[in-house]
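This is the structure I have questions about; it appears just below.
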Amino acid sequence: MPVAEIHLIEGYSDTEKTRLGRAVTDAIRFVVPAAPEAITVMLHERKPGQYMRGGTHRSPAPALPDPALIVRQYLDAMEARDLDAARAFLADGFTMTFPGAAPMTTLDALIAWSKPRYAFVRKSYDGTEAFQGAEGAVVYTRGTLSGEWPDGTAFEGIRFIDRFEVTGGKITRQDVWNDIAEVKEHP
Amino acid sequence: MPVAEIHLIEGYSDTEKTRLGRAVTDAIRFVVPAAPEAITVMLHERKPGQYMRGGTHRSPAPALPDPALIVRQYLDAMEARDLDAARAFLADGFTMTFPGAAPMTTLDALIAWSKPRYAFVRKSYDGTEAFQGAEGAVVYTRGTLSGEWPDGTAFEGIRFIDRFEVTGGKITRQDVWNDIAEVKEHP
Amino acid sequence: MPVAEIHLIEGYSDTEKTRLGRAVTDAIRFVVPAAPEAITVMLHERKPGQYMRGGTHRSPAPALPDPALIVRQYLDAMEARDLDAARAFLADGFTMTFPGAAPMTTLDALIAWSKPRYAFVRKSYDGTEAFQGAEGAVVYTRGTLSGEWPDGTAFEGIRFIDRFEVTGGKITRQDVWNDIAEVKEHP
Amino acid sequence: MPVAEIHLIEGYSDTEKTRLGRAVTDAIRFVVPAAPEAITVMLHERKPGQYMRGGTHRSPAPALPDPALIVRQYLDAMEARDLDAARAFLADGFTMTFPGAAPMTTLDALIAWSKPRYAFVRKSYDGTEAFQGAEGAVVYTRGTLSGEWPDGTAFEGIRFIDRFEVTGGKITRQDVWNDIAEVKEHP
Amino acid sequence: MPVAEIHLIEGYSDTEKTRLGRAVTDAIRFVVPAAPEAITVMLHERKPGQYMRGGTHRSPAPALPDPALIVRQYLDAMEARDLDAARAFLADGFTMTFPGAAPMTTLDALIAWSKPRYAFVRKSYDGTEAFQGAEGAVVYTRGTLSGEWPDGTAFEGIRFIDRFEVTGGKITRQDVWNDIAEVKEHP
Amino acid sequence: MPVAEIHLIEGYSDTEKTRLGRAVTDAIRFVVPAAPEAITVMLHERKPGQYMRGGTHRSPAPALPDPALIVRQYLDAMEARDLDAARAFLADGFTMTFPGAAPMTTLDALIAWSKPRYAFVRKSYDGTEAFQGAEGAVVYTRGTLSGEWPDGTAFEGIRFIDRFEVTGGKITRQDVWNDIAEVKEHP
């Protein structure tokens, strides 16, 4: 206990059902302090002919993609400076906010802004967390940055955290915090 | 569709059931792009005499408190410099990490560390997000800082984000990122 | 088999739940030729705090009144020539169609139209049937008419059938068929 | 809400399940004034090996045929004067009652009775309604008649309503009301 | 897993529901080798107004009494030679079979038969098992006998087993096996 | 009523599901005096991807074999003196207790013990009952013995009852009671 029964239209993949089952398990654990072993989730899949709303059969909407995966692929593409690939993950109206910068809306603006700040940067991840927000999905990823300053000296171990909003499989917003200024000030 | 039925032992308050229902609704929305209006959650509450696991009746464990509320009360107590109240929210083994500082384990250490950095600081919140993590609950809260530097000049609008881990109703970990160094460097 | 489980918000009276259970039983019998004894209906009533749609608790809408009862009360009021009482059962936009008459919209028009046809009429009922139609409820009631012709001679045993549409507890339409003309032609 | 779960033995066609789902939806709408969009019906089909009553597995009884379809096919056959086809829809013990006639039990009697009344008649349908009655299914169909009187003059727009009882896929009773006498009296 | 949901009419005591829950748990364990901890039983109690079979509400039949308790009370009354009390547990048509005796139908016959065999006997129980048989409940109880032979010498540790059939709360049949003859032959 | 829904992981054979359904039906009949016809059992089988405990999918454990069948096969092998076949049904630590004998742990000991008692023995069965006990399954089988004494004279109609404990498909314990001594004493 608790036991959750989820009735949904047939048509989701095993991976999608696993994601759903885990999200529901976590939702229960968020409120009820049951041992995970005691939380049961059962999916009842209905064929379209076995389900009606308002007297009308329905088709299943395609599952939302895993937002944590989308964010990671975007960040990997950025790190590889594959801007076309990265851009494909962004929604119309995307905005991003970096420490000490006004909000930017294009990757080109980001590249231009970062040039005087560091030659390149790589992310090492300590954790990624994704969940449903008020509008769409929210993804947090945190860890440390390494790379080179414009003068060619290396840096590493600088803490960062990024927050993403993902709607309909596209990133609509990125907010970035890190200790780069702190490190530059007190190297 | 989907329709979720949650069977749980009777004994949770309406507020706790609302939290559970919303968490389950969000868990479904995280994977299935159904209109919120189409997501139904039904709670079936069983009296202890109506429920058995392994042939034994069970009692409901008290619900976990709302971790977002715990974090907010802790931050309010810190802002009011009511260290005793703040301390009551912390678990044994609590650690906190601030920009440019080694991890600290006591509020006194934090106070000492912050003294040369700012006279006082107030948080204005843009958003708080709480969800179940791998171990316990995770709370993110973000917004802007205002306050006074040690020299008495005021500051405001400095972005921050705090990440908390909450287990069994107590805060076990706090990680802080903000733009204070950025602002000091480029005021 | 079949077994029907109906989940609804708590707040309906025992009479209303009986009406619901019988309607569902009949719906099943309409398609599946199970012995009535083998058709089980179970109502699961959820308190508002045990039910959410779209993350929001809901209140139960008051049950629709029994349309067969409304029709019968209307017909009884008409028979007693209590026009005020009868009028209270009619919706705005009510229309009625009688054999050989253009559609009428007021009870006064009906009274005027019937005066040369019969002095008074009484209904004896053989059967009443009510069910959900495309828009609202539909009620059929049939039986025989007795009364007096304008010349004071009595009549009886004249077949009739009335069809009513009832929406939101008010009668929106009445259609009448009977053998009065047949009887007058071939007394 | 409400949410209906119907458990039945596997073996019904999609069309039969749609009929069942709609009948249950209408049964709920008959009592609970929910928006159709908010009424969910879920069918859980059990294979014979997944279902037992009294410790014995059961086989599904064939679904009852759609009584509205049976009635319409019978009326079409009558209109085409295909008496053999029409007769196939009638149960043993079938009786029919027409305005001004004693109950009849054979189509031949009906033909003989109608000969002096009209040369032929065609039905134009305004509506057909079918539902479960106390014993079997009940079908109402209404609209207008057109055709020719015995003297060769045409008529049209004469209101009619037929009531049928259908048990085990056969028509057991037909009751007819119409305005033919009214029209003849006041042409 | 498995999870059992039992829907029953409200009106059973907590003790009766516990008996039911344990019997269902054991029924599952009899076929599925799940750890007891993983077997969940949930009772859904319906008020009479929430349940219909064949369109008719039903009342709960009183629970059957615990047959193991009935048997034990009967055996205790016999041991105390309280024949009136013992007789109250017996159904009409009760028969009992003891080693080396023709079937008997009255307690008086039993007393007469046992007189030359032992002065008195006491049962020490090693185990009692009760379950549903083909007709009614079946109870087995086994252990050892102690007492005195007619000559006044004591005996003890003689194995016995009794089988009872209990229908409608009354004992209909008792079959007894023991090692009394074995012990007498090879003391 | 009652209606039992059993949710289990897909993977059990029809025979195993029938055994489960009957055991659950009997468990209900043991407490609730419903007519068998009124007791409905529905199995909901979940594919591994449709079921999670603790956020982890599970595989079904193989069903336990029918203990009554195991016991019967063991007794048949013993009667045929096929000791290898009989031994295959016994668990490590098997013990058996016969009238007038100390507990034995091997079939060879049993054969040696029985030799002076009877030349051979055959069982005629009146009834076999199997159910879940505290630890494993329990099987009772009873009836009459026939055979030959060591001196070649025949016997028959001697009552017996055997009790078996079966765990994990192997017999762990056999307890035997019969009237052999009674018959020898009072032939």
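Residue numbering begins at 1 within each chain, and the chains themselves are lettered A, B, C, D, E and F in the order written.
The definition used in the following text is that a residue touches a chain if its C-beta (ideal position, glycine included) is under 8 Å from a C-beta of that chain, and two chains touch if they have at least 3 such contacts.
Values in this document were obtained by computation on a predicted structure and should not be read as measured data.
Shared contact partners of subunit C and subunit E, listed by label, are B, F. Comparing the contact residues of subunit B and subunit E by number shows a mostly separate set, under half of all numbers used being common to the two copies. Spacing of subunit B relative to subunit F, judged by their CA centroids, is 57 angstrom.
Distance from the subunit B centre to the subunit D centre is 63 Å, each centre being the mean of its Cα atoms.
For subunit F, the set of residues touching two or more other chains reads 1, 3, 7, 26, 37-38, 40, 42, 44, 46, 51, 53. Under the contact rule stated at the top, the pairs of chains that touch are A-B, A-D, A-E, A-F, B-C, B-D, B-E, C-D, C-E, C-F, D-F, E-F. Of all residues in subunit F, only 1-9, 12, 16, 19-20, 23-24, 26-34, 38, 46, 51, 53, 58, 60-64, 97, 99-100, 129-133, 137-138, 140, 142, 159-161, 163, 168, 175, 177-186 touch subunit E in the complex they form.
Contacts from subunit A toward subunit D in the complex involve residues 7, 44, 46, 49-55, 57.
Subunit F meets subunit D in the complex at residues 14, 17-18, 21-22, 25-26, 35-45.
Here subunit C touches subunit F in the complex through residues 1, 3, 37, 40, 42, going by the rule given at the top.
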